[in-house]
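Alright, structures below, take your time with them.
Across the two complexes that follow, chain A remains constant while its partner is chain B and subsequently chain C.
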Partner chain A sequence: MHSFLYRANAVLTFSVMVLAALCAMASFSDYLNVPSPNAYLKVVNINWLQKQPNGNDEVSLKLDISADLQSLFTWNTKQVFVFVAAEYATSQNALNQVSLWDGIIPSREHAKFTIQTNNKYRFIDQGSNLRGKDFNLTLHWHVMPKTGKMFVDKIVITGYRLPETYI
Partner chain B sequence: MTVDDESIDLKAGLTLVHTVEAHSRTKQIGLSYTLPMDWQGQKQAELLMQIILGVFAVAAFVVGYSMGSFQTMLLIYAGGVGLTTLFIVPNWPFFNRHPLNWLDPVEVERHPKPKPQPLTSKKKSSSKHK
Partner chain C sequence: MLKVSFFFFLRCGFRNLNQREKKTSKGRGRERKMGWIGETMDSIRSLQIRQVLNQAVSLGMIVTSALIIWKGLMCITGSESPVVVVLSGSMEPGFKRGDILFLHMSKDPIRAGEIVVFNVDGREIPIVHRVIKVHERQDTGEVDVLTKGDNNFGDDRLLYAHGQLWLQKHHIMGRAVGFLPYVGWVTIIMTEKPIIKYVLIGALGLLVITSKE
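After this line comes the complex of A and B, so read on.
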């Protein structure tokens, strides 16, 4: 601490150490938040269900997505990434997950939303198993903090069924 | 001969220290970036740095958390770091209130170091003769 540079170095290193401690405390404070999100997913319409020339089934559908994810936001949340996936089992795969729609929620004000949309990404099966298939729609979210651990969770809504024939 | 050599060295060293000290005394009124802070000042500076940064960190976290704003926390803490830098890094006069009082070179000449000199000089002279 005797010279200018030693003191500058001491202030720099100590302040960065304290900053790290502040960030650690901020990320621990996220555990005090108990979120209570809710979501409502509805298939408004099956636009079409077809077999591609290569033999894979593809379906186009219209979704009604409404969710209230405001309780996921804390002071340490940068953004929340949400996506809707269709999940179903086939003889080939125990679990198929097909992402249909996604979005980035930048702030708490945008976290309560209702949208109606066709599937943003194509819903294609590996094979031709989609006719009459039961599937779940799952709203997944990743809470991305400013510092610390990313929280991942989902809401599963069951009981959807695709038509028995190609349309 | 060797004793004389040593005393000359000693004198030269002391006059050097003396001039540095005199220099620092003349400069003590203003800031000086090159001259060292005194021992007590260094201790105070380190303690002061830890206290200011700690207080600002706690205040920043409490205010930031209660306002729900991460940015506020960072801004308050950045202010604290700036203030600490301003307080600690320059060699302020109030860190130099306990200067080391060196003896005058004249005083040293009057009271030379008593006994270890003959021993070392004997060793040195013997080694030189070899």
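After this line comes the complex of A and C, so read on.
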């Protein structure tokens, strides 16, 4: 009948196909999850706002971040990458997004957190437009699956304002 | 730094799969004796012109169908290399060495948080990292982008060309939309041990040529 090679071939082909189908189904099952995350962001303190020697404004601030992202986790979720960005518009730039803090959430147990932190990345403008500037704080998340499609979404919180003078 | 290599061998992989399918369907109900070399020599000797042509055409079909799939993916995703292999650990624990990423290049503007594949002038191997800062011009719509690897301590300015502060649109080859673990090891092994690649390709070629209809 069939030689060993043909049998091995058939088994390998079949197992690869089954594995591919399982991966596709696992990824598809993520669509069945309807997450309801919530977040609370607060600027606790503006540490300082200064003009660098090269003319760009830089601000340092302290943030209060608390979020509940537990509903983002499914059985196909490897981790959730979460970050807080400041978003604002200037006369020169239609959109500025500056990441202030980020973190990796490895499991559902760690997905409900509260943290108070200074900005992890420098908040520097392209130019000197930060005095009295209105900005949004946005909590973004990036769901990284064990296999398949990645999901991203965000919560935008508006109504923050930087001081009118350098401090 | 997270380097990626173009997934050239995906073509190879598809070819193998196609062949396997063909093989399994063809091989049904056909008796085959062992005795590899003798049988192979016999089959080569007994080949008729018609058979040779037949084999050549089927080999051509396999190669071209693999090419069609690859080029089709390029058209659909709009990216020069729709599938890339992760070569280093700077995005761990999200992406490990040997994982593969599916890229998509759309007209949508680049935003913070997206994982992009970019080329730096003077560097041959493209890098996959996350966008942490975006500045988009009001008048021209040009973007300045800063990236960072999740597992790296600092941002990527040290990786960029000397004196380069930002990435522009033309540096970016695509953004990662999908993920498949481990599969890229096939490519990594083949690139690092080329002998395995040649043996595999040779064996498969021989199988295609000598398989009887």
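Throughout what follows, the second predicted complex is superposed on the first by the 166 of 167 C-alpha atoms of A that agree within 3 Å, B and C clash if a C-alpha of one lies under 4 Å from a C-alpha of the other, contacts with A are read in each partner's own complex, and residues count from 1 in each chain.
Here is the rule we use: a residue touches a chain if its C-beta (ideal position, glycine included) is under 8 Å from a C-beta of that chain, and two chains touch if they have at least 3 such contacts.
All values derive from a computational prediction rather than experimental measurement.
Student: Do chain B and chain C fit side by side on chain A after the overlay, or clash?
Tutor: Here chain B and chain C can both sit on chain A without a clash.
Student: Quick one: is A:Asn76 in contact with chain B, with chain C, with both, or with neither? Answer first, second, both or neither.
Tutor: The answer is first: A:Asn76 touches chain B but not chain C.
Student: Thinking of the overlay built on chain A, is A:Ser91 touched by chain B (first), by chain C (second), by both, or by neither?
Tutor: Second partner only.
Student: Looking at A:Lys146, would you say it contacts chain B, chain C, both, or neither? Reply first, second, both or neither.
Tutor: both
Student: Return first, second, both or neither, reflecting whether A:Asn136 touches chain B, chain C, both chains, or no partner chain.
Tutor: It touches nothing on chain B or chain C.
Student: So, does A:Ser66 touch the first partner chain B, the second partner chain C, both, or neither?
Tutor: In the superposition, A:Ser66 touches no partner, neither chain B nor chain C.
Student: With chain A as the corner point, what is the angle to chain B and chain C based on their C-alpha centres after superposing, as a multiple of 10 degrees?
Tutor: Placing chain A at the corner, the angle measures out to 30 degrees.
Student: Determine, under the contact definition given at the top, whether A:Ser128 touches first (chain B), second (chain C), both, or neither.
Tutor: neither
Student: Of the two partner chains, chain B (first) and chain C (second), which one does A:Ser15 touch, if any: first, second, both, or neither?
Tutor: first
Student: In the overlay, work out which of chain B or chain C sits against more residues of chain A.
Tutor: The partner making contact with more of chain A's residues is C.
Student: Does the superposition put A:Ala26 against chain B (first), chain C (second), both, or neither?
Tutor: After superposition on chain A, A:Ala26 lies in contact with chain B alone.
Student: Smallest separation in Å between any Cα of chain B and any Cα of chain C in the superposed model?
Tutor: Superposed on chain A, the two chains' closest C-alpha atoms are separated by 6 Å.
Student: Using the superposition on A, tell me which residues of chain A are in contact with chain B and, in the other complex, with chain C.
Tutor: 1-3, 10, 146.
Student: Looking at the complex, which residues from chain A come into contact with chain C?
Tutor: So the residues of chain A touching chain C come out as 1-3, 6, 9-10, 12-13, 16, 23, 27, 78-79, 81, 83, 85, 90-99, 102, 104, 106, 121, 126, 140, 142, 144-150, 152, 154.
Student: Under the touch definition given earlier, write down the residues of chain A that touch chain B in their complex.
Tutor: 1-4, 7-8, 10-11, 14-15, 18-19, 21-22, 25-26, 29, 74-76, 146
Student: Under the touch definition given earlier, write down the residues of chain C that touch chain A in their complex.
Tutor: So the residues of chain C in touch with chain A come to 17, 20-21, 23-24, 27-28, 30-32, 34, 93-95, 111-115, 130, 132-138, 141, 144, 150, 155, 176-181.
Student: Considering only the defined contacts, which chain B positions touch chain A in the complex?
Tutor: Residue positions touching the partner: 33-34, 36-37, 42-43, 45-46, 49-50, 53-54, 57, 60-61, 64-65, 67-70, 73, 77, 81, 84-85, 88-91.
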